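Down below is the structure, laid out as structure tokens.
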Amino acid sequence: MSYHFEFNWLAQYYPEIVKGIGITLQLILIGAVLGIALGIACAWARALGPAWLKPIVATYVELIRNTPFLIQLFFIFFGLPSLGLQLGELQAANIAMVVNLGAYSCEIIRAGIQSTAKGQFEAGASLAMTPFETFRHVVLVPSLQRIWPALSSQVVIVMLGSSVVSQIAAEDLTFAANFIQSRTFRAFEAYMVSTAIYLILAILLRQALAVIGSFIFPRRAAR
Amino acid sequence: MTEFTLWDILRNLLLATRWTIVLSLVSFVGGGAVGLLLLFARISARKAVRVFARCYIELFQGTPLLMQLFIAFFGLGLFGIAVPAWLAAGVALILWAASFLAEIWRGCVEAIAKGQWEASASLGMGRLQQMRYVILPQAMRIAIPPTVGFSVQVIKGTALTSIIGFVELSKAGTVVTNATFQPFTVYGLVALIYFALCWPLSKSSQILERKLNVAHRNH
Amino acid sequence: MSLIEITEVRKSFGPNEVLKGINLDVEPGEVIAIIGKSGSGKSTLLRCINGLEMISGGSISVAGAQLLDDQLHLKTLRLKVGMIFQQFNLFPHLTVGGNVILSQTVVKKTAAKTAEAMARKMLDRVGLGHKFDAYPDELSGGQQQRVAIARALAMEPIALLCDEITSALDPELVAEVLAVVRELAAEGMTLLMVTHEMKFARDVCSRVVFMHQGRVHEIGPPGEVFSNPQTPELKQFLGVH
């Protein structure tokens, strides 16, 4: 049981790690912004949209939520080229994350919309707003505010899940860890360090989302 | 080069699906057992125990499952234990699932009205008795839908074990793709098999949830 | 020695002191009504007596059992005093019978047969023997509260604490619960009740305690307290000018 821990490699390989952190952050930034936007659109479609659109969105949401992210990623990166859609690793990773978070945030946001008091829709209608105007100006922001904590958790989950993009050679933090362990044979240390970094990223991301939330929703939550 | 029919592909994938199912069951049951211990620790009367459980949960929920698998796979090996992929996969998934189940169940325990604790305390019950006879029976009812829902996360989580070399559905997908050069078909089928495993569970979780809400007033 | 001895009891929630030195001795068979505005500390005092709240200073003992912050002392104390709550707090997953049986078998290790016989006896006593197999949510509020009384009585306490036990009830259901309490009082049970039912307090109680800002402001037989309030606070509370 006398394993000798060895962290000297850190000095040589920290640029890889920094680069990996950068890619991981970039992935979650794009994934979160576009994924939540997609989620809002889908939530609108499922809760208030036209009848023909609902089953389409529902199928998308159920397919994504009931299959592993890894397989979605492989399907996009390896499978789509056979349809003539060639994607780089980062493009594929970005698309996979947007599509994935889009489906999850759709369900979370939809729950927020459906917990809106009926009177809000009626008040909007009685002020001669169209259903979409009521959604856009009256319902959306309070709905998002109610589900912001759940949405934030999902963003963190997706960030942690992004570690599998290393499997299509996107050079994120996990990729850096794999690279380092293959060069140094210090697998345990390399993964310990990257795990610790992920933990810090997760904590920081959660806090950042809380701050962003307090910016977007300066007023107290209401129903 | 041999030609692969769709049936050849599907058969190979389905054979590997057995291991996805076995690993999912082991992880879910094992995770449930560890999660129950963790739940008791999380709501223990002793602060040190509570803090330990909180750190455990924070650690396992705040880091990627893939990293946990790597550490189980490579880390245990350091101590002279030869770790086969299935063992690392099982251990990591159990510990990971436990952290989520404990937190789900804690939510359910905390949803039980404070008056239930007070009434049972005033009847002279100790903490374990309160849990055993009054709180858990009620918490278990509301815990069923989210617990079933989490089983879907476990099944999807097993896909990551392919990365450390455990041969289950995802790994079989890669192997079959490499043999057939038909990634679109193969990964499409893999996705559909996962869907066939997960969707019934997701759906029943939703239905149970709705039933529970409707039957709110019943015992 | 009195049955319940409350000596210089203080209780703070953070910086907020809600009980500022309470002294009260209760003799066996006494029925005490505790009245006062909300926030006067009356519910807190009651909850301290069986250790649902821990006191910050002073001492409480019931028939020699001291209030101390450990499981063993708490259990000893709680076996001597039962409690009835405003919100009934029946166990929703158990039948009426199960509610009354549970703590007997679990806490006192009474045999199942004996416990069931006791449960039936106590449910008969509150007039609900026929509801033995019903679930709490099939009962009216008044019936639920009577089950809660039976549940407490089945533990054979020597005193009962009643915390606004009729406040959550529809007006037409108050009487059936008070009738049960009245019977208990007549049978010699020691009762401490926080209540808003002034008429009941006047008719049934041996003493009335008026609490104000965390202190016992006035205390005496109901005749004196209600007919001849001494302090302006009590006069205002009773609406006497």
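Chains here go by letter, A, B and C, matching the order in which they are written, and residues are numbered from 1 within each.
Please note the rule applied: a contact is a pair of C-beta atoms (placed from the backbone, for glycine too) under 8 Å apart; a residue touches a chain by one contact, two chains touch by 3 or more.
As the structure is a prediction and not an experimental result, all values here were calculated from the model.
Chain contacts in this assembly form an open path, with each chain touching only its neighbours along a single line.
Look at the CA centroids: the one farthest from the centroid of subunit A belongs to C. Taking the mean of each chain's C-alpha atoms, the chain closest to the overall C-alpha centroid is B. Ranked by C-beta contact pairs, the top pair of chains is A-B.
Centroids of subunit A and subunit B (each the mean of its C-alpha atoms) stand 20 Å apart. Averaged Cα coordinates give subunit B a centre that lies 46 Å from the centre of subunit C. Between subunit A and subunit C the centroid-to-centroid distance comes to 54 Å (mean Cα coordinates, whole Å). Looking at the complex, you find that subunit A touches subunit B at residues 1, 3, 62-63, 65-72, 74-75, 78-83, 156, 160-164, 167, 174, 177, 181, 187-188, 191-192, 194-195, 198-199, 202-203. Residue ranges on subunit B touching subunit C, taken from their complex, read 113, 115-116, 118-127, 129, 133-134, 137-138, 141, 217-219.
Subunit C meets subunit B in the complex at residues 50-52, 71, 74-75, 78-79, 81-83, 85, 87-93, 102-103, 106-108, 135-137, 148, 151-152, 155, 161.
Contacts from subunit B toward subunit A in the complex involve residues 58-59, 62-68, 70-71, 74-75, 78-80, 152, 156-157, 159-160, 162-163, 170, 173-174, 177, 182-184, 186-188, 190-191, 194-195, 198-199, 202.
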